[in-house]
Amino acid sequence: MLVSCVVYQHGKKVADIQANDIHRYIAEPGCFVWVALNNPSPEELALMQDEFDLHPLAVEDASHGEQRPKIEEYGDSLFAVLHMLEQENGELRVGAVHMFVGSNYILSVRRGVQRGFQDVRARAEREPELLERGSGYVLYALMDAVVDRYFPVIQSIEAELDRIEDQIFANKSARESIEQLYSLKQKLTATKHAVSPLLDALTNLSGTRVPHACLGMQEYFRDISDHLQRLNQSIETIRDTIATAISVNLSMITLQENETMKRLAAYAALIAVPTLIAGIYGMNFNYMPELMWKYGYFSSLGLMAIIDSYLFYKLRKAKWL
Amino acid sequence: MLVSCVVYQHGKKVADIQANDIHRYIAEPGCFVWVALNNPSPEELALMQDEFDLHPLAVEDASHGEQRPKIEEYGDSLFAVLHMLEQENGELRVGAVHMFVGSNYILSVRRGVQRGFQDVRARAEREPELLERGSGYVLYALMDAVVDRYFPVIQSIEAELDRIEDQIFANKSARESIEQLYSLKQKLTATKHAVSPLLDALTNLSGTRVPHACLGMQEYFRDISDHLQRLNQSIETIRDTIATAISVNLSMITLQENETMKRLAAYAALIAVPTLIAGIYGMNFNYMPELMWKYGYFSSLGLMAIIDSYLFYKLRKAKWL
Amino acid sequence: MLVSCVVYQHGKKVADIQANDIHRYIAEPGCFVWVALNNPSPEELALMQDEFDLHPLAVEDASHGEQRPKIEEYGDSLFAVLHMLEQENGELRVGAVHMFVGSNYILSVRRGVQRGFQDVRARAEREPELLERGSGYVLYALMDAVVDRYFPVIQSIEAELDRIEDQIFANKSARESIEQLYSLKQKLTATKHAVSPLLDALTNLSGTRVPHACLGMQEYFRDISDHLQRLNQSIETIRDTIATAISVNLSMITLQENETMKRLAAYAALIAVPTLIAGIYGMNFNYMPELMWKYGYFSSLGLMAIIDSYLFYKLRKAKWL
Amino acid sequence: MLVSCVVYQHGKKVADIQANDIHRYIAEPGCFVWVALNNPSPEELALMQDEFDLHPLAVEDASHGEQRPKIEEYGDSLFAVLHMLEQENGELRVGAVHMFVGSNYILSVRRGVQRGFQDVRARAEREPELLERGSGYVLYALMDAVVDRYFPVIQSIEAELDRIEDQIFANKSARESIEQLYSLKQKLTATKHAVSPLLDALTNLSGTRVPHACLGMQEYFRDISDHLQRLNQSIETIRDTIATAISVNLSMITLQENETMKRLAAYAALIAVPTLIAGIYGMNFNYMPELMWKYGYFSSLGLMAIIDSYLFYKLRKAKWL
Amino acid sequence: MLVSCVVYQHGKKVADIQANDIHRYIAEPGCFVWVALNNPSPEELALMQDEFDLHPLAVEDASHGEQRPKIEEYGDSLFAVLHMLEQENGELRVGAVHMFVGSNYILSVRRGVQRGFQDVRARAEREPELLERGSGYVLYALMDAVVDRYFPVIQSIEAELDRIEDQIFANKSARESIEQLYSLKQKLTATKHAVSPLLDALTNLSGTRVPHACLGMQEYFRDISDHLQRLNQSIETIRDTIATAISVNLSMITLQENETMKRLAAYAALIAVPTLIAGIYGMNFNYMPELMWKYGYFSSLGLMAIIDSYLFYKLRKAKWL
């Protein structure tokens, strides 16, 4: 679906144009064309390939959804793939945006996510002096928006991890904790796959040898790179924390088992000892003086109660109960 | 076994030729010879060594099956080893293809797998403008085919891992889960051995200093390299997931042990308490008023039932039962 | 809040000035302006941006608290971010200091910690020959102060770890040990996030290609780098020790479980054997000679005592009790 | 012990010579001297030092057995240390060979292993056109022989590992499996110490800047390097598999414990329930109607049997028995 | 404390001198001054700083004990820090030596260890041709002595590890094994901190760009570097072995637990079965034929004995007892 297709001159919007007029506008000096597609059909993509004269390998990549984040040069133009992450009801949805960047055009192809880049375009149009810088600036603005949307994902993972930690140390629902840690790890992996290859790819845009379209923008791309490094550090920390939490959880489970066993033993003792006493007074010896006592029976019950009380006190003190 | 032995000119098939005519055709300018062998005998290999004038160390490698994936230069020619993976009935079969690449010939030696490269050759013959590029393009096409066949292997490993995860959290057949995780890890290792050294080797074909036969094909080899990186990332993720699954499985087993112990304790209590009561009323004291009651016996049975019901209710509430 | 705003000439204090006079003083040759802010309001920061003509991306970083430690060049000026660590009641508070360093000024922006840099400024004013070196020296002095304050944090973590280790091997409060190890790890991670990126960033100031402001100060920055490497090594060692302590703790818990089980079994035996004897003499056979004996009852009690004493002796010897 | 001391000219053997004539022959142009020592005495080594004019640090290394594999240049000559591995009765014996390589001589000093290099010398003498290449070729031939002898060691480790894996999953002799995995790991470490430093050292002989004696032999040394990489990969895989096997074994042990506990509980139940019934009918109430029944006793036994049969059936179905 | 302060000329001792004459001797051409301090007071260190004109940052490092091993250049002079390890009664003592190396002097400052460098000085004085090389050689000789003293430490760690392994597999004192492994790991860490940073630092002395004082000594420093690599490899191996031993120990403990549980179950069965029989014959049914039998009582005891013997035989066979 074509979301928008706009021509700019000197940073100001000139007109919304038809897709099949694109080739005329990008041939005109001073014009800058910014096109946004969402889940395009193969035909739309083929039209774009013709209009912008895109490289077939890059278009093939863009037509398959599943790609690693990367920034590749094809001659003078750039092809960038970024993952997009969206949360909904605790689930993580992974989409992608493919960007074709030429000296005076940018084409973004979004797939699998709902939120687009309308806000980025709106802000860019409010700042014509920046938009005038052309495709390098727009590429920066789009990448910055995508990367900024990773932060809430990491924050929600961190929040969930905090919640699970509390659960572990409160000794509650160990089974659930394991399952949640496991599924958290999968979310984290999805985030890592979005961040980590992009960080590698970005070194080319913030270093000394920079593609033509990004000249003079190094400080901006270094800023994105800095954000990604921060995300990367958070991911590594969470990853390490999950591993520790899993092993700590195992310790807690084993500890609980130990305590279960102690309580089991304690209760068993509280029952076994009176059983033994009852057994003794159930023996059939001819001469057993206690049996003749008037209050023998009650004394024996009393003995049971006294021994059990003492045991209970000792076991409670030893924290077995 | 000689699968095919064909001469091309300007990207079009000229003729099927005899193996011992090869040296004549590769001496002719403009000719391109593409030979495919499957599980060749030592004699066939020796004939090829003579016809193509191959390097003895490379031929020795090709005659032993077991090699790491690699791409080596011998003077102007290239020698490439790739692993081939084939699934059959849940088993993974590891074969190999060895490729000798000269400026105007390519010789592929396949071992240990059933599926050949007929489809690659057919597609190449349908696109003479690409085939005309010569050995570099054919090398790309063959490598691309081999690497593309890795994806279903990884996907089936991922599917099996998903299945095992469900099993773990459903608390079913822990023993089987362990065995399956272990054998999955071995399949993964075989895949890693196919992918990882090839990725290292490919940097030489997609970088700046490129062997003569592959000049102008860098973007194509970068595409393969990109596929391999994607596979590599999947492998690392699966590897990490298997390790986590093993340790999570241990936690689940320990947890189940804990629960077994609790149930054991609970049932023991349900039996031990009435046993104690029976023991008490089995004592032989002369004066035990309850024994005289008419419904003493039934009252004692009732007492047992009441205490057990109460215990049962408490234990169920505490989730021990 | 503006903490201080001072002009120096030849290493000696000239005057406390107003914030909005700064631009006049830094324009004057031979003047050096050193400004310190603490938790500044956006307006204060905006004023500083105007007075010092700071780069907008750097100011944006400084106005958000959360940044990774880093040292970035913006043209001729430097922008440095350092984490500051403060301990209070066993809690670790993480703040930050942002420093803008030009050829004849330094602006430090502190956030989230109580202790400032008054002592650094006092010492610098006592050593005018060093202060005369300008912003490079002041940057060194501030960084050195920040890094020196990391050492007590690491030492208190090491002390706490020692205490937990003793607890583990004394077999006391395993549950607490786990929780404490876990929270120690989080403190360690916070320290690592302060140290590790700074170490990377510092290589630029102590190497061969050095920003203009830091020329001739390489040996001093190498000294800071050396301190950071020492901290880093301690962090790695503690990290490794915590991991080992967690797994050792699990072993100790399992071992304790094993001992609990042995004691359980031992006590069970001490009760079960006399119960069996009592059961035997509770049988109702017509002809049981022991039942007729005068001291049969006392003999049976004696038998129970003797067997239990022997069992007790054996079990104690086998260390089950 | 001097094994052999031979002079070659143009790749052909000229004569067996005395050790103290060596200095005369290596001074003669066109001569190549190849000397082999086995467990030499200090005097023999001192003689060699004089005859070949060897560097004292290298000779000191060769006189101490324990060295890491390495290849060092001393001026124009090379000093190489390789570990030799020999299996005997399931034990791994680690020896070493030290090689001094000059432009027209090679001296090999073997220690601690039985098998020598007679076969290498014999093959070299059969191929004078290769032997004529001099010390570079002999160094290659000796290294190739040493490295080829690593393969059976790795294969026997792999076979033993396969056997232990079967044992683990067959739930047999967990104790033995642990011990065997542990001792396998030690064998693997010995192999790793032989392979891994040598691989690093070899990059110098197969790269672009090559010692004089090895000029023109790069493809051969690359071949050894390739073998070592294959060994290295196998070692890493085995190492990883051993770690997984240890943790899987722990899971299996815990699982077995769980099953033991279930059986324990099941058998306990099968005994405890009839004990309770017996206890009930052992009560001394005056009015217990069942006691009067003619077949009361047999009915009670029958009741016990029926309940136990039912329990047995249920427990077997739940796989507790 | 000043240990010795000697002037050499042409490798031969000239005189013991006073500390405050040093500056005169190092100004004289051809003189070489070698000073050794042990646990110096701040005043002694200050005197040395004046006499040798040492860099204040280096002196500050030397006056604080705790430093990482390192080799730093201050202009033409070198400053080296090495850890010294000493064993006493199974404890590891960590000291340090700081060395200031100029073109014609060397000053060593030893702290926290008892054994000095008298033997190094004695050997150097016996070999004037080597001592004549000056500070580079003395630096080598001292470093070589320090590094050689690491080997017995590693060997004693290896010996202790061997002892613990035997203990683990003999199933003895699991608790002690854990504690010992843990303390062994701490010793190992201390050794690693001595070896590993020094190895990094030494690459500067054995590479191509070498400080002036060490010119022509590269092969000697490469030898030290080689020793350190050997130590490093041993450390890595021990580290890995300790980790494996800890996890193997956990497996052994779990296994023992399993066996404890089986014995518990077995003994419980041996008591529970006769208890049930006794219970049955303690029932009060009017008609129980066995009770009338003359030898009923003895038959019941016999039945108990037979069943228990059979059970004992079965349990012993199943290795539960």
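For clarity, chains are labelled A, B, C, D and E in written order, and residue numbers in each chain start from 1.
Going forward, contacts are C-beta pairs under 8 Å (C-beta built on N, C-alpha and C of every residue); 3 or more make two chains touch, one makes a residue touch a chain.
The structure displayed is predicted, hence computed values, not measured ones.
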Size of the rotation, in steps of 5 degrees, that lays the CA trace of chain C over chain E: 70
Cα-centroid distance, chain B relative to chain D, in whole angstrom: 26
Intercentroid distance (Cα basis), chain E paired with chain B, Å: 42
Touching two or more other chains - residue numbers and ranges from chain C: 247, 250, 254, 257, 261, 264, 268, 272, 275, 279, 282-284, 288
Topology of the chain contact graph, where touching chains are joined (line, ring, star, complete, other): ring
Round-the-ring chain order [start: chain B; next: chain D]: B, D, E, C, A
Touching residues on chain E, where the partner in the complex is chain D: 165, 169, 219-220, 222-223, 226, 229-230, 233, 237, 240-241, 244-245, 247-248, 250-252, 254-255, 257-258, 261-262, 264-265, 268-269, 272-273, 275-276, 279-280, 282-288
Footprint of chain A on chain C - complex, ascending: 55, 57, 66-68, 70, 72, 74, 174-175, 178-179, 181-182, 185-186, 189, 193, 197, 243, 246-247, 249-250, 253-254, 256-257, 260-261, 263-264, 267-268, 271-272, 274-275, 278-279, 281-284, 288, 290-297, 300-301
